[in-house]
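Paired with chain B in one complex and with chain C in the other, chain A is shared by the two complexes that follow.
On to the complex of A and B.
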């Protein structure tokens, strides 16, 4: 058997209950972990896989569920990316925040909350970042309806 | 109140005389810097809490330029969506196009003709040079030096004309396409491109003597607004900020894309001849060194431009990426841009999450601005060199 992808092996060994899916094929490898274990999983990547930066936090609406996709980066040695995915139900999309461990997550998660509408439990500043505070809805959801006006300003034309 | 910041004791004047009487009563003041302030480089609004001239707290408020480009990409076809990416980082537009296109090509496993890869490199590097020239010039402007700005704009304009001739646009290009580039360059253009590289390289000493080693400029920037490597990494700051903090990281070398592995160039990293690792001066010097390296890349690519097609034959109008996903990062003038691209095989991208480097670079302000003088905060903002279009997307 070919060699395992080190982050997947490390996570499976340290958190056997948390790993839900491992994809080691193709151009985009990832490990899917349980939402409530994401903080621990990220710490394991930092401690044993040389990950030293949270590169990006993305939210994806798959219509039957939401996914939060974290891309971690190895910067100082062996440059590369490690992807963790978390699935959350559409009716109660809550994920623990990584903002206490990674400063990048602070704004990344705020943007994900603002545009996709996934809540991050324990976030120090859980407000919208791009849109006005009184905006309704989250534009990057697939069922988002474009507003026809904003404070009496017509936006249909 | 006695505050110690950046080695300056506020209660002592230069000759030991008290600058402020020790029993003076000061009051905290909260006010806005921006969004229309010229030194915030766009529509950035920063809330400052100050005590006299000292910044106690700083909260950047972004989003004034938000157009939800990611939603626009989801609503348009592949071909239609591409020009919108230009408008994100309008000073490094070609690099932004390339970032999105690379991710889509990786997900769809598209092989790009070698000539197109080289053309992308040439034009992206010209774009990087003119962007850094603007950044350096504007930084001088922030510090009160008007003249170097004009000198840098002189060469920048020539570079813009080169890009205009090759792509048809001065600032926003829509040149990089899925599977290649729109058009080829002429032999005469290549000759003039080399000439331009020599011209810019010949002016580097002039820029440095005018601005970089200027005594007043050094006083304003050396040791000011320090960003150490740990802070930069933890905030996801990339590009000249991270390298100016002494971390050897450049995606063109670390994870080469678009044939960057073919070229011989260095990654300049602080410390430099003056300044301290992580200060404003190092970030400025970093950009000027990067211009020199970019010029080397352009010359090599122009000289060794391979023959062949400039566009993948099968990718034409109405092309759709097959189902799949990819995450590709590339080095733009401002730092690492990345695209998380998801396709379901439909006519438009299912999701294209774009990382604007400026977004995470601006987040650094909160941490770094604390304890600075307001004048030094302007130096910090200038040396971070962000565009708000890139931040807000």
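On to the complex of A and C.
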């Protein structure tokens, strides 16, 4: 390998303990970092790799764990994507929030909480964004049980 | 009542009455009810209310190319208080359901509802098995016209409006827009599946089974608790009864003892009273009859 992928190299240099996995194979490269270091990692990306936008925050249910996937983008010069992943245990899915550094994380994290049920610690408004406030459960979890009745409306048909 | 010229459709115009041909040029004789219905159906004011892609077709219908105003229904109102007809155009989610119902509640009677598009008719081709979809707007509000399609063409919406106009006439002013034969759609289509009236859907069946299992478990739990409570009550009652019986038996025993002691005392006193009832009193002997001489 002639050259490292710059974001991975930068993260490994700055946070050697936090980087759990680096995948430089294929078109979709990513760096997996420790959950408690995600804020620092995102800051390093911004400072050293010119990343200036958080495209999306999404949650994945792998049955044995949850994953939060962040897609950062560099739009001003040399456009490109950087993907960060974070694994959290299923029984206590908590990740520090990025909403204070990246404004787009606010709604993305609320959506992830709404649909997958991953909590973001320190979020300024940690409530459901799309489903009704009194909804029970997080529908994109693999073990989600469909409601049979919502406010007297039969859902089993 | 059906129109002879158009079989199967309700008549919305009274049969023409023949008068003097000259008079007919200037005078229309009809019922006030018919006139009111005619005014009403000729100036439908729909509610400008779109939820999804069907709304684009609804807007298109109202614009110049399809020109809904030809049928007197072009005045889309921005408030339910001025509207006659709610065209539910688009997917109804559970979050929106309460709002849809409120809008319908705010419309003044008589009012009508057109369910436009597959989503409002029965949940839709894409989202029916979604967790957030109301499977048919008729679960929230009574629907007069079902208009299938995904989305329906503007011509189809115009057809729906024309059918609604017929309906307005068929039901009439005095019935306050209500069809006497109209009953709201049954909620229990699960019952329909059970009765074999509609084909079983695997997803539906699964959900229904889960629902029933939960319900049965709850019922069994309740029955078990009830039985336990009843058993406890019965045991308590039995214990109480046993105690009472014992007390009663003791009392009886004491009474018997007392009674045994009493007869003995009475027997001693008894012989003194005996003689009075001793021998039967013999009737006095009749004096022998004297033979007549």
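Just so it is clear, the second predicted complex is superposed on the first by the 157 of 157 C-alpha atoms of A that agree within 3 Å, B and C clash if a C-alpha of one lies under 4 Å from a C-alpha of the other, contacts with A are read in each partner's own complex, and residues count from 1 in each chain.
Everything below uses one rule, namely that a contact is a pair of C-beta atoms (placed from the backbone, for glycine too) under 8 Å apart; a residue touches a chain by one contact, two chains touch by 3 or more.
This one's a predicted model, so the numbers in the text were calculated from it and none came from an experiment.
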Chain B and chain C placed together on chain A: clash or fit? fit
Larger residue footprint on chain A, choosing between chain B and chain C, goes to B
With chain A at the vertex, the Cα centres of chain B and chain C span an angle in degrees (to nearest 10) of 70
Message: Contact-wise, after the overlay, does A:131 reach chain B, chain C, both or neither (first, second, both, neither)?
response: both
When the two structures are overlaid on chain A, which partner does A:154 contact: first (chain B), second (chain C), both, or neither? second
For A:88 in the superposed arrangement: first (chain B), second (chain C), both or neither?
neither
| said: Just checking: does A:139 make contact with chain B only, chain C only, both, or neither of them? Give me first, second, both or neither. | reply: both
Looking at the overlay, what does A:71 touch: chain B (first), chain C (second), both, or neither? first
Exercise for the section: Examine A:26 and indicate which partner it touches, taking first as chain B and second as chain C; both and neither are also allowed. Expected result: first
Superposed, chain B and chain C have a smallest C-alpha gap in Å of 5
Chain A contact set shared between chain B and chain C covers 130-131, 139, 144
In their shared complex, chain A is touched by residues of chain B numbered 62-63, 66, 68, 70-71, 74, 106-107, 109, 231, 233-236, 242, 247, 249, 251, 254-255, 324-327, 329, 336, 338, 340, 342, 350-351, 353, 355, 359-360, 363, 367, 392
In the complex, the residues of chain A that touch chain B are 26-28, 52-56, 58-61, 69, 71, 73, 75-76, 79-81, 83, 102-104, 106-108, 111, 115, 129-131, 139-140, 144
Chain A residues touching chain C in their complex are 130-132, 135, 139, 144-148, 150-151, 153-157
Contacts from chain C onto chain A in the complex sit at residues 94-95, 97-98, 123, 131-132, 134-136, 139-140, 187, 189-190, 204, 207-208, 210-211, 214
